[in-house]
Structures are given as structure tokens and as C-alpha cells.
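Starting off with a structure, shown below.
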Amino acid sequence: MAKRTESPGGVPDKTVSDPAAAVAGVRDGAVVLVGGWGGIGVPEELIGAVAASGVTDLVLASNNCGMGRPGDVGQLFRNGQVRRAIATFPAHPAATDFRTRFENGEVELELIPQGTLAERLRAAGAGLGGFFTPTGAGTRLTAGRETRVIDGLPHILEPPLRGDMALIKADQADGLGNLRFRYAARGLNPIMAMAARTTVVQADELVPVGGIHPDDVHLPGIFVDRVLVTGGGR
Amino acid sequence: MAKRTESPGGVPDKTVSDPAAAVAGVRDGAVVLVGGWGGIGVPEELIGAVAASGVTDLVLASNNCGMGRPGDVGQLFRNGQVRRAIATFPAHPAATDFRTRFENGEVELELIPQGTLAERLRAAGAGLGGFFTPTGAGTRLTAGRETRVIDGLPHILEPPLRGDMALIKADQADGLGNLRFRYAARGLNPIMAMAARTTVVQADELVPVGGIHPDDVHLPGIFVDRVLVTGGGR
Amino acid sequence: MSRQGWDVAAQARQVARRLRPGSYVNLGVGMPTAVADQVDPEQRVIFHCENGLIGYRGLTDGEEGDPDVIDAGSRPVALAPGAAIVGHDMSFAIARGGRLDATVLGAYQVSADGDLASWATPEARLSGVGGAMDLALGAQRVIVMMRHRARDGSPKIVRRCSYPLTAPRCVRLVVTELAVLDVLPDGLTVTELAPDVTFEELENATDAPLRPPPPPVGQGTA
Amino acid sequence: MSRQGWDVAAQARQVARRLRPGSYVNLGVGMPTAVADQVDPEQRVIFHCENGLIGYRGLTDGEEGDPDVIDAGSRPVALAPGAAIVGHDMSFAIARGGRLDATVLGAYQVSADGDLASWATPEARLSGVGGAMDLALGAQRVIVMMRHRARDGSPKIVRRCSYPLTAPRCVRLVVTELAVLDVLPDGLTVTELAPDVTFEELENATDAPLRPPPPPVGQGTA
């Protein structure tokens, strides 16, 4: 976990002032988890900061490899910053930056089913060593993988997927990093936050500590290290 | 899944009128999951209905085996309805009904760590075949179990824990079975709902469909079959 | 060339009227998203999207969507009363865990014994799998909604899939623009033909044995 | 017989002042629950309970609790500003996943190399494990808070645990009513003695080699 800062009053305050500070410490070769699905819940400011940092050789786990939108992960492929992509839907027609690198053999791809991606992230966050899932058994995607028949059904052993840094997008955050997401923009964001050593949040709105009812926190701040408030969004 | 009823207007309505109807279909030998932890979040009306039904030979999974409170699972042991208990903390000093049966050899006990109980329930609900956890490795509790060293740490393979019926307690429910829980009364209730073939909810309050904001639903009604509104609670 | 058989809306209505009232139904990316627009609200079907929406409907004419409320094709939709939102972990727990009464998926190929091929073509180096494998494996009933033939005219309903499988022996119902077919243990049975399609035309467009639809009510041979 | 050493509140303060400011700390059932009452609010420690509360505090004098806000001992507590509630799946994901900076647990025995025995006695047929194994294994720092001796007077700090283990080699700090001890790679080191306790008395109450506390500041030998 990243070191926490404290405001003068002694209240832990996870907010950071700018995108560069938000992604500070991201290194060449890091495993970076990036939230977002179908163009929503995408932490565009943070992706931009990683692009600007110039780090290379990244392993990038994300649902897609870009959808042709300026702020999405496509720029990391365009810049040649990614060595390996882990994704469920990298074949979006507009993912031309990724496609070019992939077809030139400049980026490896690990294609995994979306439910398996979600569960591998959660397993990492939950401190588990792996799990057996029936998804993908008997398909080309899992050829050669450890398989076990459980209750009559073949299951694949899937390992946890840990990140060095997660970049996620929330609707609301407080200074302790408690988060709320908005509708389908929740997606992979909470489980990516769980799975990473350092979790960085781009939040549309900062609310006071106590401003989110305890029963209504979608992801507790214990999983969050830094919060960049953009004021963007809705 | 239990058959769903419909109100005359065609809106699925999962509410039932009385405790007996709520637990209808519970059979001798059933695996019954009962929510509650530390005396809160306990579905007392539903436990009472199972007691009154007279079913026997139950496998009962629950955090404890009673805490000496009239409405808790202790009565199922007193009545001799339980063949086997799966619990994390069955040794509460006031769990005298369980203790007597256990010491007389009339009830088997499967003692499991609380995090493993939670994860086994979730694995069942999530359609997984099992998972590797480091919890309990190298202790008497997991002697003889399948163990694998992952990332240098021994892990135990744990199977999913499925229930025939889950009895859970919620604060608010709508007619579709969308639920909210109150503070620490959430506990095991949502994952038990996920893990059972038929999930029955005792709710303090019925709210109109749409009365819970979609982002604030703690457990979606897709996991819920029947709702008994008690008006009790707070 | 005008399209033979049902248009997409009519095809979606054929799917929709075969969904059980009050059931939970996932709609996959592509053509299946149209089902949410064509279902009779009286059926009270609750639509699930892999992105975590449970309980949505298509937008009405002129209705403005919310940017964070989209379907599997990233198309704006609206939340229905009693909707609930979950993350992807829970969304796929629902899928794998058997809580979906049905899923409607697109496909490249469906075999006579219900094998589904929907994520990769043999020749493409790059493909995407998305949530199809979890859905095909976990839903109680897999319904395929697709064109009857591929762009090059080749049949998509085949004796044996030549494309990589999404999941084996999972499809129960196939709805194309030409016909509705049940995948039964003893083969494919045509349940309904589009009005302008003959059984012989359907056979010609299909690379698997078909049993004809039952005669219309009142015109039986008995 | 009056109790030697710190009372429970003073013992809890010894634990509390060793918690890092702003850290996330689980408090287990039994004696550790008292730490929430004794911590300096300025430390801004965020307490976690296995039941899913994240961010709670002890009640103030006369303050009435909420029946659904309880600690690991089912004792009423209060939510702190910025509290969050999760279910048991998430609560133990937090524990196993390494997100807790520390956990404070009770124990039957602690060995010189940090083995923890806290859930079963050798003779009892019935025991309860609760969340102890997940917490002992997952937290970054395991702190044991317990009486120095068992009711029968036998030492609870031992060369080797005779009771079944909760987790091996996990304890880093032990706080009893007599002393505070660090579990270091080369053995147990006394960090602080209760005011009315001598090092010799502590050695007599302990079944493992102890290194004495450093001399008070300003009275060093150098």
C-alpha cells in the first residue's frame, strides 16, 4: 500500500492535487489495471497522466484496448507504452492503435472471458490463491490449462490477477477514499481497486467525510490510496 | 429457483403472507443457511417457521449455533431437527441446546473459519467450483485437506457451500426482492441469499418497487424468491 | 436486395414473446439488444446486462438517455422501476451462478446439437470474447438471435461448428430472420417460419437437417 | 487478590498508543475490543470489525448505541465519521487481502517465535474459531492482547505452543497486564514493564527467554 499523507489536522486525506501526483510511482514494467466498460467509468485523466509519464513495458489489464475515444487506453498503445494487454474485448473496430501494435507483434494479448477477468481481480483483492471456474472449459481459450471435473462439470483453475496500480473512476469520493459509482459506470472499478497495490481514483465530486451514508458506500476507502478530484462528469 | 408468483396486475410479487408460506417446501435433510451474526441480522420469524414445520435431519449453516436468545437457531437443536451444523463460533456459552446435542453425539459439527464460510457461500452463489485460500493452512482445522503452495504460501482448496434454502434478514425489501440491510446486520445475509436454491427474506419494511435507488440496492432481487414482511425491527 | 423474412424489430418480437413472464433475461451485444425495445411491458421481463444493470428497458421515442445507463452494445437505455446496479463481479456471479432464466446472444455459428460459436473466426488473429462464455455456460436457457446466413451467404446453422466454440451444447432456441428453431435432443425443429419463407427455402439456407413446423391449428391431418 | 500490573483500560492504552496514526486496525473479540475506548482520537485510527464495520469508536459515557452497530464482542459501539459497511465476504477479503495494517487479537498462548494459539484448548471437544485465522494470517501486524497467565496460573507466553495453532509465526507484539513484548527474529524483547512489575517477576510468569527492556532514557550506561 502506498504511504498515506495527512492533512495538518491529523485527518488522513487521500486527495492529491494533480494527475501527475496521482500516478506517481508508476514504473516501467508495472501491471496497471484500468477501469471502464463500453466507454463509461473510464478514468481518462489518470490514463492521460500515465501516458504523460512516459513509462513503458506496461502490462495493461482493461476490458477493452480502446474504443477510439481520445482519453481512453488506446493512447498507451499508440505511444508504445504497453508490452502486454489483458482484455476481454480488444477487437473493437475503433481500437486501431492496439490493433496495429498487435498485428506488428509489438504487443502480446491475453484474452480472457469477462467474468473470469472480474473474478481474477476479486480473488487478488480477497487474498485467494485462485479458483475453479466452468467458464471457457472445452474451448480453445483454455487449451492446455489445468482442468478439474467438479460436480460432473469441467472447471479451469484461474489465478488471481494482481496489479501494481489501479486507475479507477468514481462518481463521489470523500477524503478517506470511500467511493460511490454511478449506474453502469461501476463495472470493474471496485474490483480493480481491490486488486492493486496502489489504487488511484479519479472522482467527479469530493464530498465531506461523513457525506456518504455508511450503508451507501460502494467501495470502502481501505482499498483506496489516492483521490484526484476532477469536478468533471455528470 | 422457486416458482415465482404474480400479482393480478402482472407485476412479479415475491411477498408471502405468513411464516409458514415463507418456508414452504423445506424438506427433511435440507441444507439450510441461516443469516445473523452476534445476535443481529437474525431472521427469527423464519427460524421459528422452520421449527414449527417439524422438518428434521437438517444441515444447518450459520455463524453460531445459538446465543441463548429465544428466536435464534438454538431451538432447532433443542427440537432435535439438526443432523449436522456448519459454523464458525458454535461454542458460545449460552449455546446450551447445541452443546448438549453435540456432547451426546447427536449432532455433527463442521467448524470453519469465518472468512472461509463467507467465501464458500459466495463461491456457490457465483457458480465457482472452489477456491484456494491460505486461511487455516498448517492448522489442525485443515489436517488432511488438499493443500497447494501458491506464491510460496500453502493454500487449502475449499469447496462451494450450497444451500437448499437460505433464511435471511433484511431491513427493507421491495416486491421484486431488492434488499437493503442495516449497518452490521448485513453480515452473511447477502452471500447466503446468493448461495441457496430458494432464498427467503424476513424484512422489517416493505417499500414500493422503485423505492430503493438502483445504486443503493445491497442485494438485487434476482437472488430472492420470497419476502415475508414483519414490520419489526428498528 | 430486399431482406427476406422478418426485419430486426419483428425478429426481436419473435424472441421477446418466447421469454417467460417475470423472468430474468440477459441481452448480449449486437442484434439481441433490440429485444428490450420490442418486449411487451406486460410480460414484466427483467433485463440483465453484463455491465451490471438489472432491470432496464429500451428508450421510448424522443426519450433522452443517461450517459451511464447503457446496454451491452453501449447504446443508451433506461432503468425500469425496481432496477438494481451491481459491479462486474456480481454481474458474472449472477450469470455463472444460474440466476438468469435466459440469455439472448448473437452467434457466428450454431450446430444441430446446440454448440455455440460466437467469439472468433478461424482466420482472424484478433478476436474478442467479452461475457459470452460466462453467459452461454451459466444461463438456464441460451437463445441465439442472428442472421440465418453469413455475409458471404454460407449457412450459420450447421451440422458441426467449424468456428471456435463459446460453449458446447448450450443453445436451446435459435431465432433468425427466416425462422424460429428449437434445438431438441433429436435435432432442429422449426417452430415458426417467417411469412414469406418456405420450408424448402429454409432448408436451402441451412446446413443441418430440419424438421418442419407443425401444421397450422385446424389444418391437421388427423 | 488485587491485580498486578495495568488494568484493562491501561493495557488497552498500551496497545492503542502503538497503533500507527491513520492506520486500519481490526479489533478481535474479548479484551481487544477495549482498545476502541482507549485510543486517542487524534491518532485517527480506523477500526475494522470482522462483522463488516469499517470506522467505529467506543461509546462515550451515557451515549446510547444503535442495536445494529456492535463490535466483535457484540458490544454496542458507534460509527465514526466516514464509516463504511460491508458484508462478510468483503470484510474477510479485506482481512486476507492484506489491507489491515494491524489486528489485535486475544490468545490462549503465544510462542517465542510468534506462533498464535487462540481458538481451541487441547482438552475441549467443542471450540469456536470465528474470524481469528483469517485475521492472523492476513493482517500486516498481529498484536496479541491478553492476560499474562492462564486462570490456573500457567504461563501463556511459551517456548512452543501446546495448544492448536491459529496461524504460525504471525504475532509481532504482545501486550499483557504486566508488560509489552516485541516478537523479534531473535526472540522476545520486553519493551515496557507495568510500573509495579519487575523484570524478574515477568520472567517467572513467562515460559520463554526474555530480553530486558532498555534502560529508561537518560539513565543509560554509556
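To keep things simple, chains are lettered A, B, C and D as they appear, and every chain counts its residues starting from 1.
In the analysis below, a residue touches a chain if its C-beta (ideal position, glycine included) is under 8 Å from a C-beta of that chain, and two chains touch if they have at least 3 such contacts.
From a predicted model like this one, the values you see are computed outputs, not experimental measurements.
Enquirer: Based on CA centres, what chain would you say lies at the far end from chain D?
Expert: So the chain farthest away from chain D turns out to be C.
Enquirer: So how far apart, in whole Å, are chain C and chain D when each is placed at the average of its C-alpha atoms?
Expert: The mean C-alpha positions of chain C and chain D differ by 57 Å.
Enquirer: How many angstrom lie between the centres of chain A and chain D, each centre taken as the mean Cα position?
Expert: A distance of 35 Å separates the two centres.
Enquirer: Mind checking the centre-to-centre distance between chain A and chain B? Centres are C-alpha means, answer in whole Å.
Expert: 32
Enquirer: Among the residues of chain D, which are close enough to touch at least two other chains?
Expert: Each of 79, 85-86, 89, 92, 95-96, 138 in chain D touches at least two other chains.
Enquirer: Going by the touch rule set out above, which residues of chain A reach two or more other chains?
Expert: Each of 119, 122, 126-128, 133-134, 181-183, 186, 214-215, 218 in chain A touches at least two other chains.
Enquirer: Of all possible chain pairs, which ones touch?
Expert: In this structure, the chains touch in these pairs: A-B, A-C, A-D, B-C, B-D.
Enquirer: Which positions of chain A touch chain D when the two form their complex?
Expert: Contact set of chain A toward chain D: 1, 4, 6, 10-12, 122, 124-128, 174-176, 178, 194, 209-210, 212, 214-215, 217, 220-223.
Enquirer: Under the stated contact criterion, what part of chain A meets chain B in this complex?
Expert: It comes out as residues 119, 123, 126-134, 148, 150-151, 153, 155, 159, 180-183, 186, 214-216, 218.
Enquirer: Please output the residues of chain D touching chain B within their complex, sorted ascending.
Expert: Residue positions touching the partner: 49-53, 66-70, 72, 74, 79, 85-89, 91-92, 95-96, 120, 124-134, 137-138, 164-168.
Enquirer: Looking at the complex, which residues from chain C come into contact with chain B?
Expert: Contacts found on chain C: 21-22, 24, 42-44, 46, 48, 54-55, 79, 81-86, 89-90, 92-99, 138.
Enquirer: Going by the contact rule at the top, pick out the chain B residues touching chain D in the complex.
Expert: Counting only chain B, the residues touching chain D are 37-41, 64, 87-92, 99, 102-103, 109, 111-119, 121-122, 133-136, 138-141, 181-191, 218.
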